[in-house]
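Okay, so chain A shows up in both of these, paired with chain B first and chain C after.
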Partner chain A sequence: MRDPRSSWASPWLSGSIPVLVLAALPALLFVGVLLYFTLWAVVFSFTDLELFGRKATDWSFVGIENYERLFTRRGFLESLWTTLTFTFFSAIVGQSVLGFLLASTLRRYRGSMRGTIEVCLMLGWLLPDIVAAFLWSATTSKTGLVNQVILGPLGVEPVNFLNDYALQVVILANIWKGTAWSYLLYSAALDNVPGEVVEAAKVDGANGWQRTRRVILPIIKPHIGTNMLFITIWTFTYFPLIYAMTGGGPGSQTETLPIFLYQQSFSVGKLGYGSAISVAMLAIVGVMSIFYLRLLKEPK
Partner chain B sequence: MADLALKGVRKAFGGLEVIKGVDLDIRDGEFVVFVGPSGCGKSTLLRMIAGLETVTGGEVSIGGKVMNGVPAPRRGISMVFQSYALYPHMSVRENMSFGLQIAGMDKAETTRRVEAAAEILQIGDYLDRAPRALSGGQRQRVAIGRAIVREPEVFLFDEPLSNLDAALRGQTRVEIARLHARLGTTMIYVTHDQTEAMTLADRIVVLRGGRVEQVGTPLELYRAPANDFVAGFIGGHTMNFLSPEQGRALLAGTGGAVPAGAKIIGVRPEHLRLAEPGAPGLTGRIDVVEEFGEFGLYHLTLDEAPEGHREITLKSDAEGLGGEGAQITLTCRPEAIHAFDDKGAALAAGSPAGAGRADRPSEETRHVR
Partner chain C sequence: MSTDTRPSSATSAALAFMAVIWVSPFAWLLSNAFDTGANGQLRLPAEPGLGNFLGAMSGPALTQFWNSMFIGVGTATLTLVVGSGAAYALSRLRIPGRNGLLWSLVLLRMLPPTGILVPIYFAAQSVGLLNNLGIVVALTVLNLPFAMLLLKNFFDTVPVELEEAAHVEGASLPRILWRVVMPMSRAGLAVVWFFTFTSAWNEFLFPLLFSRTEDAFPMSIGLYSAFGRNGSIEYGFLAAFSIIYAAPAIAVYFLLRRNMNTGFAGVGVKG
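Entry: the complex of A and B
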């Protein structure tokens, strides 16, 4: 029996205040660290702090100069556009749509075909980014698998995909890498759609497309929101795969915001400007999150 | 409206056959109930009629047309599911209009039908509510409403009352009966509950293990069950099964006899009564009395009983039968005895009648097995 006095607390923490405080400590610490880093970034985004040289120690506040640069200097807006393109095609269109299609198709099958596809999806997800980047580079290079096995026999001149279609290759690689998550999430979501509801729609005369659009998708809308929230944030801030594959190039064709941020902060060394970029990214991701969180809310 | 015929219908899931050849003719406007224990294939059979499950063998025809390959919406059926299966994201009105909208019906006619159905089912007041804001009983009516607006030839119900509480179940049962009287549409109703079957059906189809055990009107099944399974399944209080010796003892003072070849004797609790003082009969001691007010159920342990036939239940509204521990002697009228052979099939001679009601079963009662 639970002590009625502490019925407001979660049952396994009920009782003594010291226990509660102790249990809350890690959470407080975590929030504190997060706040510290965020504040750090916000504060230094108003300074001309640099990684090397005189301004590494002798920095001063420069007002909103760094933020003005985001819009006046070349780089940020182009990089934002690249990031949005990358996120839209690899996460929202690629991973999410492909994940949903796979989840809704494969759930009808049992056995080896489904198992094989699931293992492949998981492999992409579990493979370390650097290994994956190496695989993709090797496969799409001028002497790589695609040229050797597909284009060569067709009599097409070898193409250096990472040079000529850098963004497309990177997008494909990220779809391959991240679809497993969407697949798993949508599989779980579809398991929660009652079979009889779908059958009722069938009896009502809805065809496959109508059942999906008018019954299944609305029912799993909160799951779609959750998924979009996660993959958008992840993809928007995703760094290692692209950096290892292209380093942002050729030129700045695949320079997404995390890479731009990294270059500005650690190659160029402008930590203040870099901080402003990271604060801007935080704001953009925040706005997108609010949008998705509204999707998550149960309709009244 | 339409009649419906099943010819040698079979269904296998993988290697496992769950419907093993069902033949059935359902007349236009008839209310037919499929009844049987859980897992006997009732839902599967219904879903094959609906077109939600493919038919492995045989023929399903509705209104004279073979429907085997015809998709669900073109079979002229409506289905009410056990879980109600309302679209959770749509209002009651949208739930009911969905099928009509898909069929491309114009707005005015859709509204007219939805409102007419809402009127019949008394759900007009919450047409704009979401299903989750409704009680179980209200959801059930919406599900029925959604079935009505399609104006189907055949209504299919899969255990529509099993998620309701007892009081509401009784009430909704009557409403479904009224609906049938009002619409006159062919209805097929699946349940594992023999009370629902008895009270609703024009004809009952008793299923076991994917086979039809017996088809007949409720009274036919009650009075002349084709075998011990149907006998035990149909009836408000489960039939007592006795050994032939016990049957003889029961009838000792009545001049009746147990038919030759009988291996099992069945007698319903309501047909047992107390023997005259000093008269022979089946003796036992009362263990438990369940008092229902209008009658009592007396559970007895029999004296000198073979294994498996130790207990017997008597239903009686007589007073002074005795309380727990009392020793009593039972008898019954010879016509009330059901005799079954070693395979469980009913023996025709001497036993088809129900107590006090002498009419014979009609030709429609088919004895399977």
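Entry: the complex of A and C
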């Protein structure tokens, strides 16, 4: 094992430390820039900086006015609620639960059924966001696939889903697009569950549900935690799919926080307020990360 | 308990239903792309042909393809070069507080790009980088923490003994890196390069903000502005364009499938 008192590097490298540090410098610079930008976002959030006009150059500090605005004006809280709904249904209920069900069911299948579903899940996941947005906009439009194949034959009047059920459609689209990640992660996790343990539970008379609940889920708990961490945060901050499909509309029905932030900053032009939204977002994501990381590190 | 080894017909039906839902958008896409008279319906091509693909590989569409290539290749290469320099040091040097450093990289990876959009926009504007080069730099900054973590994990798997042996034999550090470390971590480097390439290729947010002229549009913005436009939608062209746009990312995955999976699993568990 390593001697804790030894120097930074093994002897053969110790002569080259300056070179290694030099090689690491650009990366340090880039990471530094990232941190600097984050700090800058915080500073901007206390100003009345705007994109156009006089306040683009002649801005001043306004204290916590932008943060008050978050809670007193319409917009932020509604948007937060939309984001939470979107995240809960598309990431947690949709991707994670569906991904787990698929992973545990498909294990028992071999051959074409499993192959087809796996390839399609992966294709959805690999597809660029905008292609997925195009596919779902086109298939749910008034002349699209759903109306043509399902509602038409049933004699139902064509429905413009993106107008009437915007949030539901983007949630479905995101489940369709993102389930592969959870599926892959849970498949890998289930492969690591020792078969003997499950067999033993079976011998003891535990039924399928009890085995899942009491044996398998506790074993793969760390994987569930990791997965939840990744997908909630990704979904919470996910911009392209919804923006390309609905632009936040109709009205503000699908205006999740990233879209709200984008609109306020670059359409309305209120960069100070936009920064306050982004700081709030960073704070929420930070709290979620810490929450999940603590769950993960917790010894069992 | 036959249900455990042999799937019931109800589960099979449910799975078949899922398969149909997952497949049908792709079927729709293909049937429209290969139909020069496509109208957005799911049907056998009325006028089968490759005309749509020819259209999607010429004129402005071709320019957009090269713009996306520039962003993808540029970001991936810059990220790999900058990232591996630091990752090797992180892997081999016992820097005090290294674990804290790695955990902060994990946290940085979680940083939502939208959160720092305003400062990035301002910085790019003030140095005149509201263009594709600016996108490359911005995406490199954002991709770097994750790339460094991945690369560090890959360098960790190269046995130090080999490097020590080469050192004893009198090889210099650059030579060791080039002859020993590089070949042994080639798979890892490829994973990082292609992973970054894919994410930059798919990127939408930064081009939306940075690309000012139609000549500079990458494919994501080209597709977005085409189907977002009111009026008649050219389904055939857009379907073919979508397939061309999606192809590199998908091809990369299936080429690197095995490496990708180990890479993801490693990141997932080690955090």
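One rule holds for everything that comes next: the second predicted complex is superposed on the first by the 273 of 300 C-alpha atoms of A that agree within 3 Å, B and C clash if a C-alpha of one lies under 4 Å from a C-alpha of the other, contacts with A are read in each partner's own complex, and residues count from 1 in each chain.
Just so it is clear, contacts are C-beta pairs under 8 Å (C-beta built on N, C-alpha and C of every residue); 3 or more make two chains touch, one makes a residue touch a chain.
Every value quoted in this text rests on a predicted model; they were computed, and no experiment measured them.
Asker: Mind checking chain B and chain C on superposed chain A, clash or fit?
Answerer: After superposition on chain A, chain B vs chain C: fit, no clash.
Asker: For A:F52, select first, second, both or neither according to whether it touches chain B, chain C, the two together, or no partner.
Answerer: Touch partners of A:F52: none, neither chain B nor chain C.
Asker: Pick one for A:A24: touches chain B only (first), chain C only (second), both, or neither.
Answerer: second
Asker: A:K202 in the overlay: touching chain B, chain C, both, or neither? Say first, second, both or neither.
Answerer: both
Asker: A:V215 contacts which: chain B (first), chain C (second), both, neither?
Answerer: First partner only, chain B.
Asker: Have a look at where A:F71 lands relative to chain B and chain C in the superposition and call it first, second, both or neither.
Answerer: In the superposition, A:F71 contacts neither chain B nor chain C.
Asker: Tell me the contact category for A:P194 with respect to chain B and chain C: first, second, both or neither.
Answerer: first
Asker: If you count the residues of chain A that each partner touches, which comes out higher, chain B or chain C?
Answerer: C
Asker: Rounded to the nearest Å, state the minimum C-alpha distance from chain B to chain C in the superposed three-chain model.
Answerer: 5
Asker: Which parts of chain A are touched by chain B and by chain C alike?
Answerer: Common to the two interfaces on chain A: residues 202.
Asker: Can you check the complex and tell me which residues of chain B touch chain A?
Answerer: It comes out as residues 50-52, 71-73, 77-79, 81-83, 85-89, 98-99, 102-103, 130, 146, 150.
Asker: Sort out for me which residues of chain C touch chain A in the complex.
Answerer: Interface residues on the chain C side: 1, 3-7, 11-12, 15-16, 18-19, 21-26, 28-29, 40-42, 82-83, 85-90, 92-95, 105, 107-108, 110-123, 140-142, 144-145, 148, 160, 163-164, 167-168, 173, 198, 201-202, 204-205, 208-209, 219-220, 223-224, 227-228, 233, 235, 238, 242, 245-246, 249-250, 253, 261, 264-265, 268-269, 271.
Asker: Which chain A residues qualify as touching chain B in the complex?
Answerer: Answer in residue numbers: 194, 196-197, 199-206, 210, 214-215, 218-219, 221, 299.
Asker: If we count contacts the way the header does, which residues on chain A are in touch with chain C in the complex?
Answerer: 2, 6-10, 12-13, 16-17, 19-21, 23-28, 30-31, 33-38, 40-41, 44, 102, 105-106, 108-109, 113, 116-117, 120-124, 126-131, 133-139, 141, 143-145, 148-149, 176, 184-185, 188, 202, 208, 222-223, 226-227, 230, 233, 236-237, 239-240, 243-244, 247, 257-258, 261-262, 265-266, 271, 274-275, 278-279, 281-282, 285-286, 289, 293, 296
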